[in-house]
Structures are given as structure tokens and as C-alpha cells.
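Shared between the two complexes below is chain A, which pairs with chain B and chain C, respectively.
Then we have the complex of A and B:
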């Protein structure tokens, strides 16, 4: 029966070409959508790598009258002392403005041995940063004040960067370079003090990226207008108000306090926007394809009433006529999917967009299932209608 | 696809009527077409026995119920009242699956407008009934070639129906009707679309099938000359048998 269906379809290839193209385009669109979905879902499944609950972010304008590095350090120490005196605050760290779930990103290229220009997100952090974030160390340790005397700037890198630069080797003690663009070949040199677990600091759907936490020096501190603090569970708005007043007295105005858990919700919404747009576009396309398929099949059945009557006369049951029509569409969709898969498989083979092959393969599988389900659904009712055609009537009409 | 056993089960399970040599038995057949407002009596109390190996023709004016009667004999339509027995098997209570198997094994159809599938080659058109049996591709091909040889069209196997003349198309339709070696052939005005020479050619093939293979043939026709060549003639008028 399959060879019979192939013959029928092959002999009507011109009529079927548009249908095949329509299903091919649908497959490609669904492949793109499912790639995005699988990619986002894979990211979502990854642990966040830190505890964002009860972590607040304070943004402020550094006081303009404190300009010298030692004065800045004293100001920071005083501010921290004042805040840590509040029993609701467990830990504080000054940091750069690319705090978790913010819209800011800071990155640079790292060199190590044969690995040149490896892009990594750079985070300015203090020695208490990991305690606020409750990050998990997998090698070495977080930097301390004692590391200030080090010849090279102490850094902690994340697991992904470690694996890319060092593979299974121990990263602790290794020296990395960062090219300073404005100074030609000169490099900033960093010593790896430890390796931390990967952190998803751009939202639940973010792909894990290379990360490097650099010990903030007094030069950087001058410009730092951001701190993160861990508060005790259950700390309420009354304390937030009190904290705000305390900070206003110490720093001045333009103080903003944000909660990381709320920032995550809002960041996730932003990250869902492209997916929602993709779903809406794909949804419209699929509705059009479904209506088109349904219409073509419906038209085919009316056009082929004589053939259906004949098949019934020579021994086909209503059920087998219905199955034949559904089978024909499935064969057509198989042809479309074979063509579609040829193009889709180029993505993992050519490593387009630098995604893992598993994501593309899962997206291909999901797209195939989706297209088969769609065409079966669209063919089901016209198929049932064909099964209900009374052979005597159909043959007489012809 | 219908399993081969199905038709055998049909033969085993259906009620057996004890009439020697009767291939088709119609008993008090009545067919009424109903719409919301009109009720049309297409066949009125037709009783008819057709013997094995008989060549029967049915004549009558247009709209008298000839094709309806043929459709009922061919199990393509169900009577409103009455019984249809084929080869001593009561078909009245058979479900769609069993009816399909019965048509496939026992009956061959020839239509005035050929009913060939234009998107399939002649050979594929002929093997159509065999697709609904448990037969291998090789066997289907062999039987189809033999059937085409019988109607003298073995040199047109790879042609499409649109490349054939009317007479050739009807010969393909005959090959399709006989490929499954049915005991009965039901022909609905098989020469109706053909000129007299072509018509005679087709009639000769049908006569040959009847005489050589002993196939029971029921033919609806408007042509007195063709009807005269058959064993028996039944005339219908306004749904009633008048001869």
C-alpha cells in the first residue's frame, strides 16, 4: 500500500509541490521555535548557582567630595560598619553595577596559553561577595584581604571558564592575562584563587557564560555605587525604610533599594518576550498552514469522490479510504520533513549559534512530532468525511 | 487493507440459501429515496434469480432504476426492503468491512465512465482491487499483466489513462474487473460511451469472459443489439420488472 501511495503522490508531484513547500516552511519555523524553547528550557533546568533570596541591591551616587582612594576606602568601611551594626543585615559587599538580574554587562577577553581572546563576564567583587551570594566553591577559595599583597590581581573564575581554559586541570594558582586595548600588547595579569560553581545572573533562562570575579581595588571602589547585602529572612519594609534613611544620612539622596527576587521576576519577563513573539508568529503561521492543509484535503476529497467510490467498489472499507487519505498526507509531510531535516542538521554540523548538538536534535525531533501531529489532525476530519461517502452516490456523480 | 481471512469468514458466517445454481438472488427488493418533502420509489418489489454463468442484461428507460438495481446487486447500495443473496450468502446483515471483503472477492465492476484513476498508470489501475487483499507485489503485478493480456492491452501497461482511447479505457476497466478473478461482473452501460465498433469489441470481451471463464455477468444497457447477445433480458419500467 505504501508503494501505491508513493506512486500516487509522485504522479501528482506538481499538484503536491506547494503542499510540500508549505509543510517544509512550517517545519523550519517550528525548528527555530523549538530550538529557542529547548535552549531556554535547558537553561531553566540549570541551578541558579547562588541564593538570591533575601539579597538586596543598593544603588547610589558616590559622594562627589570623596575623591582620593584612601578616603573612598574609609568611607566604604564606615558605611559597612554602620550597616552591619543593624541586626537584620548579615553581610555586605561593594560591587560593580553588573549585579545579578540587572541590564548591565561587563565583559573582556582573557588569554591563557593557547587560549586567546576567550570572552568572559567580569564582576568586580569584594572578599565578602561570595558570602552575600552564597556561591559554591568547587576549587580553591574566595580571595581575602591577605591577597591584596599578591603580585597579580586575585580572581575567582566560574566552572565554565575553568573548563574552557584548563579542562580537567586544577586552575588554582594559574595566571591569566587580559589585554589592555589602549596599551597595545600590555596585559593585566590575574591569579586564579579559586573556582566557583556557574551562576545564572541574567535570569532563569540565561545560558551559562564564562565568568571572572575580580577583587575590587581602591581605584575601582572610587566609582562603585552599588552594594549587595544579605538580610535575615523576614526582613520587612519597615527595616527597608529605616535602611533608606540611614543611607540617606550617610550618602545623600539618589538611593535605590531593590530586591533580587523581584528583579529576577522582572528579568525573566524580559527574557520571555522573544519566546512569546516567536510563539505568536509561529502560531499564526501554524493556523494558516492548518487551515490551508484542511482546505486542500477537503477540496481533494470532493475532487476525488469518484476515485473514493471506485475504491469502495473494489473492496476498500470506509476506514481504509480514510486511512489512505491520512496516509497520503503523512507521506507528503515525510517528504517535506526529509528536506527540512537536511537543512536542520546543518545547524549542529556547522555549529551555528554555538549551541550544543543536543538542543538542535531535540528541536528537530519535536518539530517532526509537531508536523506529523498537525497534518494528522488536519487530515483526520476530511478522512472521516471521505469514509462516509456512499460509493453508489460517488460513482453515479462521476 | 482487508485481511484475506475476512472474506472467508464472511462466507462461513453468512446464512446459506438452498437454491442450486443461483448466483444472485434478489427477493422482494424495494428501494425508496427520501428527502424532507419527497419520497421516490426507485425499485418496487423486484425478485430476480441470476444463475451461475448466466449473462443477463437489464434494459429500460432512463430513471427506471436499472443502475439502482445493479448497485444493490453489487452491494454498493442497500435496499430499503428485501433480501440480497450472492452465491447463497445472505448479504443483508453484513457490516461495512464484510461487505467490502465480499465485493473484493466476489464482484467485479465495469462503469460507463470507466472510473480509472488518471494519476496511475494502466498497470497500477488494474491492480487496484488486489491492493485490498493479502497479496504480494509480485503476485499483484503478475495477475495484472495477465488480465491486461486477456483484454489485449499488455502493450499499454505503462500508459496513463489520459493517453488511451475510450475503448482502451474500457478494456482497462474490464482488466481491473477481472484481475481478482471474481465470479460476478456487474457492468453499468459498458458500451454507453463508445462508438458501435468499440462497443462490439467490448461486448465480445464480455461474452468471451462469460463463455470461457463461466463468469456471471449482469449488464445494464440501452442498446437492444447488445442485450440480444446476452442469455436473458430483464426490462424495468418505473422501478418495476416488466419482463
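Then we have the complex of A and C:
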């Protein structure tokens, strides 16, 4: 049966070559689309890992007249005291500008021992940071004021970084190193105080990344122009305006208050809009291909009326005729899918774009199913039409 | 002759309506997507309101400092001091506009929060940009030097802050805890205009951060306006000679900056960037490859359909060949027919794009963005059309022209 179908296809190889190329490119397009879909869906399924409701972000230009480290900490303490005196504010932490759902990132290469070197997001944080974010600890504890005295900078790492650096080993108490080239010194050293649950701080559809929360030292504090704070539920704009005035007077430079839930909406939009555009374009291409395929198959079957009539005359049922025609198209698409898979499998093999192999495999499987479904759908109606050919009518035409 | 081809083409189109529909659908939608995309690109990179002088302007949006030994580098906008000291003093530019990046701040009216994007500018900014003043006028050099708290606001800000009132010049607007007197109201700018977008424009002298601070990096960008397009190379050269004498900040040993056309000034700091024109040609190259790839699938589709259609007419071809028509004549005829088809697709595509752009403009996807099909876009679409028609017509026509008379006639 198959060898027969192959022979039929081979006899018209020139005509079929174009169809094969068309299906092959459609497969590649669908592979790209499905990779994006599977990747985003996988990320979307993961829990956020923290509570972003009622969390506000305050951005300001650090005042330039404060230069000495001790005056910075005095300035920060004073600010915090003023703010915590307001009963709507539950907790505050100074941090770097890579707050959740912002456009800024800050990463560096971290190594453990001498053999691991991985990129991780670096978050400057204070001892209250986890309470503002409502993060869950899975090992050890968050750093406290008392840790300031220790020789190494205290840090908390997230689950992903822990698994990457330590595997199943215990991470608490271990010392990590950071390569800091620009200072010219060899390394910075960190002691892991605890491990926290992964936090999806780049948006709902973004992948979880390695994260390390570093206790902010006074050198960093000098340049910190960002605070995050947890407010009581139901805090309104009237309070926000009061807070704004208070801070504006206390800091004296440009400030801005943002809400994390609103930032999440706009951050997701940044991810979703290009995806939707890609879908619209891919959808149009696929409709185009489907119509074309349908037209060509329809035409081909009309051209082969004589052949089909003859087959019916020698006893083939209408069903088997339409099966043969659909089968021919499926063999054609199989050829193009084999070529397509050859290219698609290079992605997990060469580890392009740093996605896990599972995503690529799922995308390949989905695209194969999609192309088969599309092709069957396009061949179904012409096939049925062929089945309805009466041998007497068809052969009479000859 | 052409008239004959035209008549035949119409007759063929009418014969198999389904095929005609598929062809037209493919052509028109491909074109629509291309036109809408180019309209977006054109809107962002073209000389649109208020930066209508982009043709004769150069932008300085990023400075770069490098430390060769440690491979470290710092990219970012310049400080006001740098631009005022090294750029404003250049002799060749007619005007130098200096403005800060817009930075968001809040204001609260009637217990409602309003995000206001603030931009600090110098006086030349209002000459280089062609803002449309709905009322009032920009602030003057005198007012800037006096450090007056005076502001130009956008039309949207006027509506959001003051509500539906006819006249707001002279009234006070509070932003970032400061009261500014409104000097003028300008037509709003879409947020895609990175350099000229803001809600509230105020003199740099009222900035809360120290604008006299003497580091190179800061928060400001500059636009250098030449008297004509021919002046631009001279401005570039003069700026380059100034840059070569500037010492980088402590910790760095190389200082790089250049005055580039709008798009190039942003590309400079990316891997695409180069020092000549900021990597625009590379971007165009990548863009064309993308467009070609995008057009590949619809073209293949069209080729497939065209082959079916042409083979259907094998008897006609056989007869014409038998009466002495050469292969070239036949190829010519089919290409002309195909171009007529693509031309119809083109018209539908352009009509569709107008419709979609209207919908996009009305949906306010990006506030104040007004997408238009301009002449360049239309020209390139027509070029794309002809290429499309040729690409999808040549191969089937060639296949057809090689048909033997006997087989062609026998196929009947």
C-alpha cells in the first residue's frame, strides 16, 4: 500500500516538490509558534511565589548632598521611621531598581567552589524585604541586622539557583563567590543564609530565573533610589497623596509612587502584544496555506477523474478511493515533516536559546499533529468528492 | 496586445472563482500585513510630529565609557553639564536642543492619582521641535535663567488635570509636589517618540537634581539641528573632534560618543551599532531578510496555485504554440496576467490596510499615535507587489512554456 503511494508521488515529483516545500515551511512556522506557546504556558502555570497586592514602589533620585556612608544610613533610618509611623504602612525595604515587574535587570556571574559559574539576578534587599514581598522560605532563614558583623555578605538564594549550584545538597552556610571585574579585585564572597521559594518577578509569562538577594551594604545604599512597601488593604489615593507630600519634603528630589499590581498588567502587555502579533501573522500564513493546499488537491483530483473512474470500475469502493487520496497527501506531508523534524531537532540538540528540551519536543509534537490535522482537513473534501465519482460518467469523458 | 492580455486575464479570473479568491486573499493579506508593519516602523523612525526636522537633525542619546583592561563599560545618556559644556558650544549646528529623559511622577487631584511624565528642557528645544501650541507659548531663555516655575503641558494633561475648560494658561498645575504656572498647551505626543514625549515640560533650572554636577553621565539627550541636510557631516566631524579631547570619568580609559541620525543614536550602544552611521544599514539588512522570509510562504502558495491554473489551460497553450507563438511570448503573457492579478490583490490590500490603520488609530492602542500610509510606504508596497507577481509568475510560466505541443494538445 505505502510503496504504491510512494510510486504515485514519485511519478509527479516535480509538482509535489513545491507542495512539500510549502508544508515544510508551514511546519517550521508552526514549530516556532508552538515553542513560544508551550514556553509561555509553562511559565504561566508556575505560581508567582509572592504577594504583589498592596505592594507599592517608590522611586526617587538619591539626593546628591548626602555622600558619606553614615549620613546615608541616618537618612534612610529617618525616612523609614517617618513612614512606619503611618498606620497604613506595614513594612518597608530599600532595594535596587530591579523591583518586580520593572524593566530593569541586574545580573552577575556566581560561582560555588571552582567548577560552577552561573548567571543570577542580583537583588539588593534589606532584612524586611521578605516580609514586604511575603516570600516563603524553604531552608534556613532571611538575614537579619545581626548578620552585618559577619565576614561575608549575607545572602538568600532562590530554589532554582540552589538546585543549580548545590543540587540536593544543603545550601545554608555555604560560601559563594562573585566575579567582579570592574573593581579589579578577585572576588566578592557571600554566605548563604537561607533558600527561598522561586519568585516570578518578571511577569506572568516570563521564565523563572536564578535569583540572589543580597543584604544591602552602605555603599549600595548611597545609590539606592527605590523602596518597596506593603500597605494595609483598602489604602486609597488620599493616603497616597499624603505619603507623596511627606516623602517629597523629606527627600527633596523627583519621586514617583507605583503599584505592583498595575506594573504587572503593563509588564504582561509588553510580553503579550508581540505574541499576539506573531499569532495573527502565523494564523494568516496558515489560512493561506490551507486554502492553497485545498485548491491544489481539488484541482489534482479533478484532473484524475479518468484514473479514479477506472479504479471504481474495477471494483474499488468510494471509501477506498477517498482513503487513497487522503493517504497520498499524508505521505507527502510525512516527507516534509521528516525534513522539518531534522531541522527542528537541532534546537534541543544544539541548545539554541537556552530552553529546556521538553519545550522543543512538545512543540515538535504539537506542530506534527497540527500539520497532519490541517492536511487531512484540506484533503478530506476533495477525497469525498472523488469518492462520489461514477465510473460511467468519468470514463465516458475519455 | 496588452489589452488582449488584460481581457484574457479577466476571463481566466472569472472562470475559477475559488482559485481567484485564494490568490487574491494571499496577495492582499500579505500586502496588508507588510503595509501595517511598515506604517508602524515609519511612525516610530520617521520625521513625524513634533520631530519634523529629523532629516536635518543629529541625536546624542547615549555616551559610552569603557575600561579596556577589565572589559567593563557603561552606556547611558549624558549629563546636562556635558551637553551644555561640549555640545551646545559647537559652531556648526544652528540650534542645540537639550532635554532630560521623561521621568514619571505623581500628582493627586480630587483623591485621584495622575501619573505625569516630566521633562526638563532648554529654550532651543522649542525651536528644534515643532510642537503645535493650542494655547500660550513656550518659556523663554530669560524665564529659564530666572528659574521660574513655569510649564508647558500636553493637551491630554490639560484634559486630565483641569477637565473640560477652554483656557488654562496662567493657571497653576501641581506635579511632583511643586506648583508650576502653565505657559502653554501643546498637542499631545505619542509615547513612541522617545525623545519628545512628555506630559509636562519645564525649564532645566527648576530640576530638583543638581544640573551643574560635573560628571559625564546623566539623564539628558541632545538634538543638533543643522541649517540643511548638507551640514550634517560637518556637525558630525566637529563633534567627533570635540569628543576625541574629552577625558572619561574615573575608572574608565575610553570615551565614545557620536552624533547620529535618530535611529542610529539608539543602535550605537547595541551589538548592531557601528561608528559610521550607528548600524542602520545592518538593521535594514536584517529587516529585508525578515520580510523576504515572511513573503516566502505566500509566494510558494501562489506558485502552486498558478501551476494548477496554467496547466488547466494546456490546450490553449498547445494551440498557440502550434500556431507559432514562441516560449518567450507565452512567458511574457502569463507574467503580465499574473501581474494584473497581483495588481488587483494590491488594490484590495491597500484598501484593507487603510481600514485596519483606521481601526488601530481609533482603538487608541498607543495613545496619540496616528498611523498613516505615507507615500514611501505605498511605493514600497507597490514594489513588493511587482516582486511578488514576478516571483510567483516566473516559475509556472517557465514550466508551461516548456510544454510540448503534442502533450499539451493531447491533455484535452
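What we mean here is this: the second predicted complex is superposed on the first by the 383 of 398 C-alpha atoms of A that agree within 3 Å, B and C clash if a C-alpha of one lies under 4 Å from a C-alpha of the other, contacts with A are read in each partner's own complex, and residues count from 1 in each chain.
One rule holds in what follows: a residue touches a chain if its C-beta (ideal position, glycine included) is under 8 Å from a C-beta of that chain, and two chains touch if they have at least 3 such contacts.
What you see is a predicted model; the values in this text were computed from it and never measured.
**Student:** Determine, for the superposed arrangement built on chain A, whether chain B and chain C clash or fit.
**Tutor:** They fit: once the shared chain is superposed, the two partners occupy separate space.
**Student:** Taking the superposition as given, does A:249 touch the first partner, chain B, the second, chain C, both, or neither?
**Tutor:** A:249 sits against chain C, while chain B stays out of touch.
**Student:** Quick check on the superposed pair: does A:272 touch chain B, chain C, both, or neither? Answer first, second, both or neither.
**Tutor:** Neither: A:272 stays clear of chain B and chain C.
**Student:** Between chain B and chain C, whom does A:138 touch in the aligned arrangement: first, second, both, or neither?
**Tutor:** neither
**Student:** Of the two partner chains, chain B (first) and chain C (second), which one does A:48 touch, if any: first, second, both, or neither?
**Tutor:** neither
**Student:** To the nearest 10 degrees, what angle do the lines from the C-alpha centre of chain A to those of chain B and chain C enclose?
**Tutor:** With chain A as the vertex, chain B and chain C sit 90 degrees apart.
**Student:** As a test of reading the superposition: which chain, chain B or chain C, is in touch with more residues of chain A?
**Tutor:** Comparing chain B with chain C, the partner touching more chain A residues is C.
**Student:** Of the two partner chains, chain B (first) and chain C (second), which one does A:3 touch, if any: first, second, both, or neither?
**Tutor:** Only chain B; A:3 stays clear of chain C.
**Student:** Measuring by CA atoms in the overlay, how small does the chain B-chain C distance get, in Å?
**Tutor:** 11
**Student:** Which chain A residues come up in both lists, the one for chain B and the one for chain C?
**Tutor:** Overlap of chain B and chain C footprints on chain A: empty.
**Student:** Within the complex, which stretch of chain B touches chain A?
**Tutor:** Spelled out, the residues of chain B in touch with chain A are 1-2, 67-68, 71, 74, 76-77, 96-97, 100-101, 103-105, 109, 111, 113, 115, 117, 119-121, 124, 128-129, 131-133, 137, 160, 176, 180.
**Student:** Would you tell me which residues of chain A are touching chain C in their complex?
**Tutor:** 14-15, 18-19, 21-22, 25-26, 29, 61, 64, 181-182, 184, 236-238, 240-241, 244-245, 248-249, 252-258, 281, 284-285, 287-289, 291-292, 295-296, 298-300, 303
**Student:** Going by the contact rule set out above, which residues of chain A touch chain B in the complex?
**Tutor:** For chain A paired with chain B, touching residues are 1, 3-4, 7-8, 11-12, 306-307, 309-320, 390-392, 395-396, 398.
**Student:** Sort out for me which residues of chain C touch chain A in the complex.
**Tutor:** Result: residues 18-19, 21-22, 25-26, 29-30, 33, 67, 70-72, 103-106, 108, 111-113, 115, 118, 176-177, 208-210, 213, 251, 294, 296-298, 300-305, 307-308, 311-312, 399 of chain C touch chain A.
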